[in-house]
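Going by the order they are written in, the chains are A, B, C and D; count residues from 1 in each one.
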Amino acid sequence: MNKLYNNAHEAIIDVKDNNTIMLGGFGLCGIPENLIQALVKKGTKNLTCISNNAGVDDFGIGLLLKTRQVKKMISSYVGENSEFERQLLNGELEVDLIPQGTLAERCRAAGAGIPAFYTPAGVGTEIAKNKEIKLFNGKEYILELAFQSDFAFIKAWKGDALGNLIYKGTARNFNPMMATAGKITIVEVEELVPIGSLDPNIIHTPSIYVDRIFEGKNYEKRIEKITTQ
Amino acid sequence: MNKLYNNAHEAIIDVKDNNTIMLGGFGLCGIPENLIQALVKKGTKNLTCISNNAGVDDFGIGLLLKTRQVKKMISSYVGENSEFERQLLNGELEVDLIPQGTLAERCRAAGAGIPAFYTPAGVGTEIAKNKEIKLFNGKEYILELAFQSDFAFIKAWKGDALGNLIYKGTARNFNPMMATAGKITIVEVEELVPIGSLDPNIIHTPSIYVDRIFEGKNYEKRIEKITTQ
Amino acid sequence: MGLNKFQIAQRISQELNDGDYVNLGIGIPTLIANYIPNNISVIMQSENGLLGMGPFPKREDVDPDLINAGKETITTLDGSSIFNSSESFAMIRGGRVNLTVLGAMEVSQAGDIANWKIPGKMVKGMGGAMDLVASAKNIIVAMMHTNKKGESKLLKKCSLPITGINCVKKIVTNLAVIDIENNNFILKEYAPGVSVEEIKNATEGDLIIADSISEMCLQ
Amino acid sequence: MGLNKFQIAQRISQELNDGDYVNLGIGIPTLIANYIPNNISVIMQSENGLLGMGPFPKREDVDPDLINAGKETITTLDGSSIFNSSESFAMIRGGRVNLTVLGAMEVSQAGDIANWKIPGKMVKGMGGAMDLVASAKNIIVAMMHTNKKGESKLLKKCSLPITGINCVKKIVTNLAVIDIENNNFILKEYAPGVSVEEIKNATEGDLIIADSISEMCLQ
């Protein structure tokens, strides 16, 4: 079975209006640049995006906000995007803010066939509203549900045509869990390597999770805060 | 802070009667040979052991069964040990049999601060008895609890003095999750390597989980079923 | 009577699709790996933490750190990956394994399977079977049609403690290929030299003869 | 009045123990890394997936694939490890991080903390703060004693949406070191040149003066 695609445009051909898409990355680090740009070009509307952050005004998911393709963002921190804040305060954008660890675990649970789990994060806060609370060993925990998503857009460092992936540095972040969680998982890699060239012992994402893969182009890898000694 | 110990005997000095111990390994593959042997020598009694299997009659956890140090086994498959079967059928040994994926996930949950999660494994079977059942998207799931354990006995391939670990081949199995789950995690490695010699990008167990580490000796690595072409 | 275990494996191999991720249980299912059609590629998952399992090693290549879920020494193929037990069952529960083939002691016409325990007699444990049958999209049972006493293993209801409910989709035995639909066994194929009457007699549960019934083809 | 933000960081660095795994929030907490005593070794966790975070890189070593939770470029030290976000919060919720230092907009005398939202004004999100405060064994808040309007940030009850309950153990401000015990602020140390009276006036919540009160020592 062929998972290999020529480019982002071909790989997202069946993404539709109103779909839910997970996007890997932390800030602008490890985001699927090619897939986001292809989605902007495609113009798909009313998307729900699950991503830790919402990019900046003119890069990353910010590009999709600018074109008003996003109906709802599910994120943990959205502080770097003024267009986002404007749309939100004007009621033009739905936002679901979720503790970062809960966001990560709800992705992991989705991929792991765990429909729900208990976490201490958010107990006693507005996050706990309308959620089931249960005591374990005398401490309160909140029941949180696995996410459901139509697609996962993933960025990896190296990958083979079967879909085995490795990530580089902290560009790993949400990518591995989201790769397990999409109904259809689409991966862009910086370098497509021959099958058999990756050591089985150091694969971060086993091929079984990956439905489509292609080698991305022209990575900008913009840095939000270049900080030096 | 020094995590480095000279040998298994020093590393298990505070293991006590009635403790619960997790032991990594699948069959005899990836078991903490040095730690098991030290525990036999120490003679600690009434132990509860959490391990996928129970070893064979004269190796692995089988050694602890022979000396009657084990009060209770929590495992998924115990078919390779006739002494085990004898003790069990005679009522000399308590046994809790758990689906393998649930066993793995209860270890993972323990390390991840998740007190409980839902799984489909065992729905409609005797495993579900007296457990909470809940519907998600019209399907039944069982609530399963994180394990609690006093110690985790882990076998890794290479490790540094901080406790960063990598495993080899399928000797990985339950070791990484159990390493996260022990109140005190004790690791034996085949090779102790200098701090900084392991690539941060391929660490299987980050140092934060490891409390004690030593280089093991005289690995037998017995094979249960040598099968060749 | 009918097929031997190698032929059962051979027949099941026809159910594989190109690109399938497959988990094969201990016993007859393991033999299926020997009969994969040349024109397709499937990837074997071993629940102790390996995807891309290869054949058994040559004697000089035996590695104690590389075994399958049956504790046998094995090899890895190009494109394989190794992971921990939690990740292994994550992909199983997550529904990413396309086909699971298991042995069984009993199967009911509702698709319930019993293969882990004989009360008072056998206490080996369920291993990964309960996770597999609770999660797999497609489950095929490979087994003999009757037990050593000659009693049917295809029952109205399982008498042994069950491993999972409503999960088996197809059964391939020494006598027949049988689908499970709407709480019935549907006889689809008979083994060469085996009569429908013989299969009926060996099946305790309700058996419906499919319109399209045919003789098994083993090339 | 009192300490500047660098001195607050310096004072908190005295709370570190050898071998501690530490998570430092954005702002003043980040500065603590510059004041780690020479005779101890601590390991920094960054919740985006790094253990063993080093200093900021030299200009020529900047790597876009290596950032901290504040999105700043950083480096790794020998013995570091990189992992995914789920693993990162597993170790946080699992209680393996020994000390968490956070900024705050408000802290109550019950140890509640508010630092993620100003209704109708600021909608940045909680990031990892809710997971950290719900899980960490030891949480220290680093902040100015009063806000820009001169109002106390140490309150009987938080007025802003809270991030976590009963979690803050110690507060280090420009004016004082204050522990939280039994629903009270306990004044333990005052900043050089700051009077107890000034601290009392800047604290809205109930403040108890410790018997052992002393001046902060900043070497």
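By our rule, a contact is a pair of C-beta atoms (placed from the backbone, for glycine too) under 8 Å apart; a residue touches a chain by one contact, two chains touch by 3 or more.
The model shown is predicted, which means the values in this text are computed figures rather than measured ones.
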item: Chain whose Cα centroid lies at the greatest distance from that of subunit B; value: D
item: Interface with more contacting C-beta pairs, comparing A-C to B-C; value: B-C
item: Rounded Å distance, subunit C centre to subunit D centre (Cα mean); value: 56
item: Length of the line joining the C-alpha centres of subunit A and subunit C, rounded to whole Å; value: 36
item: Inter-chain centre distance, subunit B versus subunit C - centres from mean C-alpha coordinates, in Å; value: 29
item: Distance from subunit B to subunit A - Cα centre to Cα centre, in angstrom; value: 33
item: Junction residues of subunit B - those touching two or more other chains; value: 105, 108, 112-114, 119-120, 168-169, 201
item: Per-residue overlap in subunit C, given as positions that touch at least 2 other chains; value: 50, 82-83, 89, 92-93, 135
item: All chain pairs that touch each other; value: A-B, A-C, A-D, B-C, B-D
item: Contacting residues of subunit A [partner subunit D, same complex]; value: 26-30, 52, 75-80, 85, 88-89, 95, 97, 99-105, 107-108, 119-127, 157, 168-177, 204, 221-229
item: Complex contacts: residues of subunit D adjacent to subunit A; value: 46-50, 55-59, 62-74, 82-86, 88-89, 92-93, 112, 123-131, 134-135, 161-166
item: Touching residues (chain side subunit C, partner subunit A) in the complex; value: 18-19, 21, 41, 43, 45, 50-52, 76, 78-83, 87, 89-97, 135
item: Of subunit A, residues touching subunit C in the complex; value: 1, 108, 110-114, 160, 162, 164, 180, 195-196, 200-201, 203, 206-209
item: Footprint of subunit A on subunit B - complex, ascending; value: 105, 109, 112-120, 134, 136-137, 139, 141, 145, 166-169, 201-202
